[in-house]
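Below: a set of structures, written as structure tokens.
In the two complexes below, chain A is the common chain; its partner is chain B in one and chain C in the other.
Now for the complex of A and B:
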């Protein structure tokens, strides 16, 4: 009886192991398929950016004639200017937005003042209005200040920095996790509140600072709606998103600019993607923290 | 998780049949589901009513507060000394005469600036006076005798009037608030002096800005930005919804625009405006927006969890590589990836080329030209963009699920699927409930995916007469964008749509939020 049982058990055991091996190889197959699907578009962009024999779309992926012609052609267009515009916007926004977001989230996390709750509810409701709604008036106001069209860069910076305080959730969640006893200990030792922030909290906040800078820096590269409206499609005031999109506006343009677009896309995506990959750890921390805290 | 929350007071007295908890547990699975569905639907009006009551209470409290504080101001005036009394007219006088020069000067400066702004010829009073009419003299050509030609005579500008009118009202509110603060200061100062203590000096005031009042310093810049660049535009655009601001009435080159009350709201809910059925168009776009948001949210959610579980599975190697590959769609700016993918699936794109050369199809598939196909495609491609976020979030949470839960489930003989539906999914839903809600509402306003993939197309012939060349994949938000950027923009109509989007989002949030398990049964998993 007991022997029988044992035999049954070991058979079951082996079955489990084989089953696990089978399911693991199934998972591997799926992961490989997913990875291929995920990578195909990016591989295609890179390959097509080296295609020299034609500029339009073709039914094959691997170029017949390889070359860097599309990249050198980029230099003859407005692309360098768009790139510079976007880089300036991204750098300035990353710095200013981080300062504003940290001010906001630190205050809401650490201070208890009269309008705190009301303020947070108010911003929650404000966030329910579609952002595009205010576009018309912001355009007119910036236009009065002379910050549209050719001079859209400072205008875009102003718009994206000014309302960035609304995005305090993730970093507030982070500050909430730093024990308050640290603040209190420093206060007992005679530090004022600014010193607490500068000397105690900020040194502990490296992950969230990096997260905020990273998202602030990446946003402008993808900013499309406002950039398009505020630059009014004036070539020198556009950012890369608006500029590259304008190359594919019509079918004839697609025919002339397709490979050029691919090359531009690679030049834009490469540094941003590399930066992101290097700082991925911090991004993941921020995103997971933010989602769990709501 | 017994759904006890279904039996709470909000169901009492409804026309629907109500079960006790025991009766409910005896129901069959299908009936349970139906019952829960019906009871949540039945509770929506109640939820809305509670929301409205909440808003009503807020305003009642707000106005009572104002009345109360003005009553207090009267009392302070009667009881205060002459310094306090004079401060009612010369702001900061009390502060200065009691030695708090810095505060006093700031108050005084604010009052002087305010008065100058108000009485300036093109200042506050002027804008306020023009606000009800939004301008009298429209832009028209007058005959100039010296130049001997028709030139544009000086005219009002409705846009400026509305903008500066709103700004002036903001300014007045700020002034009244500061004025009240100035009087409160006197009241407090009198009390402090009466108790024999000393008032704070200017130096101490400055010092408190980095200490006790540090939050004010920190909030000053962010809040100013939000008020000027978010609150003000929203108020302005809400007001625009009650005007006829459009290409023909733009206040710059054509006629002025003016208040029209609910005219634009009526347009969007009417069957026939100049031969166009706006109500049907709006209904169709709203329906698609909700369908899109639903599928975009839940396909990403479940597939994302699925992928995260695959990567997390015991025995799977190079986890980091799989994650890094997936995260590429976050790392690369969306306009590049989405524009490229949109061209890939084009009639002349690579996908059709591949399909044809493999002999799978004879003629090109028009992915973006067929309404239902285009709709499916945007949802599918959105999976490509959206899964990585959910995967990242899910990975963290999955690792936090106590392993002994699975252990005991396995001992009890629960299958993998059972473990997923009974442990993993409830846990995930519990933790990520708020995320799901915000993800749903932000998908409703997911401009980038739709605009970069299809531009809203293919054109919806039935609704083509409506403003903005409506397409089959247009969301409310892209429709709004089209209406404001088309050749003949209709800003009034666009604002109405914006307000309606807000209402839909607010109602969904209100109804869903209180039903979230993490809000409702906070103790269940802790």
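Now for the complex of A and C:
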């Protein structure tokens, strides 16, 4: 009897295992398909950037003649300048935005002041309007300040940093999950508010700090619309996105510059890809951490 | 080491809820004072106002003669132990304890000396390099105490430090706090909702309710002479039995008549009533469960009762009995005084008799619930 039972159990067991294996395989197949679809454009761009036999668009993917010529050609164009512009904007914005966002989030999470609720609601409503609506007026203001065209870099930094306080939601949510008694203990121990933030809250919020730095960096790095409008296509005031697009403005230009454009695209994508690969663990924790950490 | 003085201290929250009303208290240097009361009575709020973590809506708080109302917590020279320990999770035990010393920019060898000395006293030396999450509740609490200890602060504040521990550990830590107090010899303010902790730890106890102080006194004072019905019922476990009855005079002596049984108020209590000339009136009569005697036969001054619930506590029984009018009373009976035959008689529904003398009675007026003899 017991043998029969055992046999029955093991049969059931096998059934469960097989089911598990089947559903796992299905999930993996789906993931592989999604990854391939997602990777195709990127692979195409990388392959095109090594194509040496022609410079325009062609009907095949794998180059006939391979070489690094497109990459060396990049150095003879304005590309290094655009790259530098973008790097300066992205780094400065990432640093300033992180400082502002973290201070803002800590303030809204820990301090209770009269206009706190009103301020948060105001920013929520303000955030519902697309930023693009303010583009024209922002351009006028920046133009009056002389921060457009050739001097678009400080102008773009100003625009990104000025509005960064509004992106406090995620980090405030994270700070809210850190017990207030830790702040209180530190304050009794002799720390002022800044020391509490630096020595207690930030070390406990590494994922969210990294998330804030990454988003601060990524915004300006990939910015196109604002950058194009404010730089007014002045070659020395452009960032990479605007610069690269300017190479493909007409059909003749596409014919001359397509592989060059692909090489530029790869160089632009590289630092971001490396950054994400190194920090993705923290990035995911940062985005979801505030929600589940009890 | 310092005295603490609270004068007319008030706390009103933004939503106009008053958490603490006119709190007046002088805490002497090196005194161990305990704030006790049910949740929401304002005891933690008062402590947090002393710590500077909560703004003071009115009145003044002085530490060592200096008004500290507007001082930041860091400038008040106090140490505090929190209910949930509040250890910094990213730091080792050593760094947790050293945190305040390093903020003061103390030389690292002195920091080392102080931290290791505190760890030795608390028996946590072997855990100094661990992170708090690798410690048990009791060990974490020790670290929290260690963090407060190393600072040589004027006042030591403790906000329900034992309520997150299990019962056994709580008893052990209670004893350790008594020892710690002897070693540190500083002013302690301790908040708890547990009257046993209050009674065993405090030099004086402050009993609070709804933001008002009900009574301030030594454990003996508040136990023997509760100022009002609230204190009488709050202090002591199980709580005091309360019976509605009349206090009346016959032939110059006072009597009470709970459940129709006439009992003379003899001894010191009778004399006290006489010397105060207390008038005849309807009262609430209080008698503690341990001051009631259990009888198995009827006799003079005994109240006939029916046993409802029998709680066996080991060395004693807590008997919940119903008086003739349905009032529930609790009696504490040491099992050592009971014969085997008597133990057998104690079963639900059994008829038992309860007696008590005038010496153990407490008299509260019906209107204000105040003790007639305080």
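The criterion applied here is as follows: the second predicted complex is superposed on the first by the 258 of 294 C-alpha atoms of A that agree within 3 Å, B and C clash if a C-alpha of one lies under 4 Å from a C-alpha of the other, contacts with A are read in each partner's own complex, and residues count from 1 in each chain.
To be clear about the criterion, a contact is a pair of C-beta atoms (placed from the backbone, for glycine too) under 8 Å apart; a residue touches a chain by one contact, two chains touch by 3 or more.
Just so you know, these numbers come straight off a predicted model, no measurement behind them.
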| item | value |
| --- | --- |
| Superposition-derived comparison: chain B or chain C, residues of chain A touched | B |
| Touching partner for A:179 - first (chain B), second (chain C), both, neither | second |
| First, second, both or neither for A:204, with chain B first and chain C second | second |
| Touching partner for A:221 - first (chain B), second (chain C), both, neither | first |
| First (chain B), second (chain C), both or neither touched by A:145 | neither |
| First (chain B), second (chain C), both or neither touched by A:278 | neither |
| Touching partner for A:190 - first (chain B), second (chain C), both, neither | second |
| A:33 touches, of chain B and chain C: first, second, both or neither? | neither |
| Partner chain(s) touched by A:24 [first = chain B, second = chain C, both, neither] | first |
| Contact residues common to both interfaces of chain A (with chain B and with chain C) | 192 |
| Chain B-facing residues of chain A, complex | 20, 23-24, 27-28, 30-31, 34-35, 37-39, 41-42, 44-45, 57-61, 99-101, 103-104, 106-107, 111, 113, 123, 125-126, 128-138, 140-141, 158-159, 161-166, 192-194, 197, 218, 221-222, 224-225, 229, 240-241, 244-245, 248, 254, 258, 261-262, 265, 268-269, 272-273, 276-277, 280, 283-284, 287-288, 291-292, 294 |
| Chain C partner contacts - residues on chain A that touch it in the complex | 112, 179, 181-182, 184-192, 195, 199-200, 203-204 |
| Chain B residues within the chain A interface of the complex | 159, 163, 207, 210-212, 214-215, 218-219, 221-223, 225-226, 228-234, 236-237, 240, 307, 310-311, 313-316, 322, 324-337, 339-341, 343-344, 346, 348-350, 352-354, 356-357, 384, 389, 392-393, 395-397, 431-435, 438, 441, 445, 447-448, 451-452, 476-477, 480-481, 484-485, 489, 491, 494-495, 498, 501-502, 505-506, 509, 518 |
| Chain A contact footprint on chain C (complex, rising order) | 14, 51-53, 72-74, 78-80, 82-84, 86-90, 99-100, 103-104, 147, 151 |
